[in-house]
Amino acid sequence: MSAGRYTDARRRTHELFEPELGGTIGYYTDWFIMALITANVAAVILETVDSVATAYGPFFYYFELFSVAVFTLEYVGRVWAAVDDPTFEGPISGRVRFASRPLLVVDLIAILPFYLSAAGMQTDLRFLRAIRLVRLFRLLKLVRYSSALQSFGLVFYEKKEKLVLALFANLLLLTLASSVMYFVEHPYQPEVFSSIPASFYWGFITLTTVGYGDVTPVTPLGQFLTGVIALLGIGLFALPASILAAGFMEQTDDDSEYEYCPHCGERIK
Amino acid sequence: MSAGRYTDARRRTHELFEPELGGTIGYYTDWFIMALITANVAAVILETVDSVATAYGPFFYYFELFSVAVFTLEYVGRVWAAVDDPTFEGPISGRVRFASRPLLVVDLIAILPFYLSAAGMQTDLRFLRAIRLVRLFRLLKLVRYSSALQSFGLVFYEKKEKLVLALFANLLLLTLASSVMYFVEHPYQPEVFSSIPASFYWGFITLTTVGYGDVTPVTPLGQFLTGVIALLGIGLFALPASILAAGFMEQTDDDSEYEYCPHCGERIK
Amino acid sequence: MSAGRYTDARRRTHELFEPELGGTIGYYTDWFIMALITANVAAVILETVDSVATAYGPFFYYFELFSVAVFTLEYVGRVWAAVDDPTFEGPISGRVRFASRPLLVVDLIAILPFYLSAAGMQTDLRFLRAIRLVRLFRLLKLVRYSSALQSFGLVFYEKKEKLVLALFANLLLLTLASSVMYFVEHPYQPEVFSSIPASFYWGFITLTTVGYGDVTPVTPLGQFLTGVIALLGIGLFALPASILAAGFMEQTDDDSEYEYCPHCGERIK
Amino acid sequence: MSAGRYTDARRRTHELFEPELGGTIGYYTDWFIMALITANVAAVILETVDSVATAYGPFFYYFELFSVAVFTLEYVGRVWAAVDDPTFEGPISGRVRFASRPLLVVDLIAILPFYLSAAGMQTDLRFLRAIRLVRLFRLLKLVRYSSALQSFGLVFYEKKEKLVLALFANLLLLTLASSVMYFVEHPYQPEVFSSIPASFYWGFITLTTVGYGDVTPVTPLGQFLTGVIALLGIGLFALPASILAAGFMEQTDDDSEYEYCPHCGERIK
């Protein structure tokens, strides 16, 4: 009877956290966790505004305690109930396999730093700052809940060879452009174009057409080369957009209803 | 007889302001109101040039009086004649329902501030400045007249899920990028990257490739991250363009003449 | 006989300048005039470099004399021989009609200023500077020779309603954005955002993502609005690219060979 | 026997360097040479960082010796074994024809400067700097190994007329825009817009939307023209992206499976 109650509680916990099982309650848990993640990120962002931090300091502290408690419950509950899924059978081996999945590792990273700092294992200021940064990555927990984002991922996935190739071509242009500019501009601006790695910053900012203007060519040759490189960059950096546009077009074609030949029943369009 | 004359006047007023009924006069009213709106916006714009304001001050004043008079007549006429349309029956309930429609609310907002200030209810300078701004939103009255713009709206509407998703992905990248840059650059530029909300400005300006250059990274790590983020941004911010391009392509396909199977008469392409 | 020789000379002049008649000589004239136009533009450009102007001043002067002579011969010859084409019959009325065509007006504008200044009718320095500018527009003479450019024009022409609409939507956003920014930033930067027309410069530079950085928002509200406007701008300014991409796709489809149904001979694809 | 051994060694050398023959060893040589090229470029880049150059100077020197040795062996081996391929028969004429191919010339340029400087033929500092630059172009050797990049080249190749035309249209706009801006801005900024060639720099930076902000218009007319030119530029510079997007779409269509008419077996789609 006790074993039955235990199994029952585990099954209900499983339903609570895995909405894809179709339970109504899992649906509400989902929205609650998503809202909590968003509120968490908002808290980290607002806490960096000095006036807000001074005024609402204690509130942020208690909100963080509450969030970590919820996320910990979620993590422990998930791992405990995982064995309910036949894929993860075995009280220990199943749970270890479950906890090794990337999304679960993200869940752990989202709470672990809090316990490390609370345990006083680290009191270094830098470490505490890094923890605040890690809290932001709780945003990545959202990816689990956004099945819609995965339809985007599909376009990227289907075009992955071409996108990687475009990235390679862009990096090739970037390397050549940055190196040439170093040789041209270094003698005249030794501080700005101090080395090729340093002039990569110029290359990125120019080829992406961001163009801050904090690093600019001053020699006529450098200015001429910048013009040519920016023009080439337009062509090369238009590649990803072109590839993705083709990808979205295909997806659209796939979505459209097909026409079938009335004579043989085969797909015509 | 008097009632008939009243109904007749109402019907003609209705035709005057609702061109879609097909009346010739409604067509001219349309163009007149559109021209007046354009002239109004031009007036607001020119009035901010000091030399023009000094030279033509009285003219602008009388033009504003004239415009408000016309827009008031238009608004009152429209609401009064609305009951002529069977959809808005009922002398009071029909007119209230008619006046609650978004386009009519825009019409009211375009004239109300003038009466409020004229009534001396507010003499605050800020309020008067705000009124001038509201006059600019008379531009939105143009939307009613641009049925063509609605064909654009269709492309946006059909792709709305994907566009919202692209916006979400962009905001995710923006949040992570701005926060990381805050942690990296804040210790070296406490004034510029004073808080995460402040570094969102950097994020927007960089990821949209505007790149003013008033907020730039100064640390090598920050510069490296900016390069990577700008590259990612090119990919993500190319999404809306790619999605819209696919949308326009489909629209084009729909426009093209279809071919019909000569055997069964069904559409082949 | 003299009349015959006159007609013959006119016909040969006609062939000399109108290559579409298929004469071999017209083909060479074409290339010669195109080369001369290019050299002319190069001359105007180089003449603005002080060191070059001092060193090669006389050369540029004689080259200009030579160019104007050739272009004058071309213009006179064309107009004189125009009546050889049945479309332009009538010794005077035909030639006037011919000379009124846009391309011929461009030809006249390319040489007239030289004669006006040579005739001493104007010695104003500004006028002489303007003349040099006009010489640059000899580049537009090239359009006549680039039948290839007209295939581009076709894409623009077929999409003209949508492109005009996109321009209108962009100008709407530009007007609203520039005006709002004026009201927000004027009190804090009265010099930079001095009037709405002045802040249009900010609007253009921001919405086209050029982002020089000479005019930037300094208030938190202005910076927030700039972020939102830049994001909207990405969407709206992506419209022309999307529309043109769709246009080029269609053109490609039209180019591809069609398949015909073997049963009825009608086009299937 | 000796001749047989010689032929055998030549054949094996041929297999070593020409992986397309299908030999397993050629596959490993390929990867080794690609890795060496990448390491070479990394070395050139890192050597420009002062601290790295001081710390690892000797290492970079020996690595360069090793790289040149390998590349020399590769070059000599390739040319020697070339006659094994029937296309390059003839001990001398065949090898000369082989060595004249562009990829082999790149291979020679990648090593020749080292021998020239080692031979003491040139001790000029500038020459030595130029040699370091040439070493970077060893990157181009990678093109041989990236058959994937050639699928990109195909899209560029198929659209070459339209891309050249788009480049021409862009250069036309660039020339006119830069010249007009020179005439407008030169009197007010004689240092910045010193000549038309100098204002081409402004043109490139503006029309590619890089917008550094080191050269900006200061006159109201110049600012107005900049706005119009930037708007035109968006349209014209969107052409390459649009053309490439159409090109990638077609390539996709070609990849998709075709449908065949069930009646006659001909391709329908």
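Letters are used for the chains, namely A, B, C and D, taken in the order the chains are written, and counting of residues starts over at 1 for each.
Heads up, the rule we're going with is that a contact is a pair of C-beta atoms (placed from the backbone, for glycine too) under 8 Å apart; a residue touches a chain by one contact, two chains touch by 3 or more.
In UniProt terms, the chains line up like this: A, B, C, D = Ion transporter.
Keep in mind that what you see is a predicted model, and the values were worked out from it rather than measured.
With rounding to the nearest 5, the Cα superposition of chain A on chain B corresponds to a rotation angle of 90 degrees. Shared numbers divided by all numbers used gives the overlap of an interface; between chain C and chain D this overlap falls below half, so the copies present different residues. Averaged C-alpha coordinates put the centre of chain C at 33 Å from the centre of chain D.
Once the centre of each chain is set as its mean CA position, chain A and chain C turn out to be 46 Å apart. The set of chain D residues that touch two or more partner chains comprises 209-213, 241, 245, 249, 263, 268-269.
By the touch criterion stated above, chain A contacts chain C in their complex at residues 209-213, 245.
Chain B meets chain A in the complex at residues 161-162, 165-166, 168-169, 172, 175-176, 179-180, 182-183, 186, 194-197, 206, 209-213, 216, 220, 223-224, 226-227, 230-231, 233-235, 238-239, 241-243, 245-246, 249-250, 261, 263-264, 266-269. Of all residues in chain D, those touching chain A in their complex are 41, 44-46, 48-50, 129-130, 132-133, 136-137, 139, 142, 146, 148-149, 151-152, 163, 170, 198, 200-201, 203-205, 208-214, 237, 240-241, 244-245, 247-249, 251-252, 259, 262-263, 268-269.
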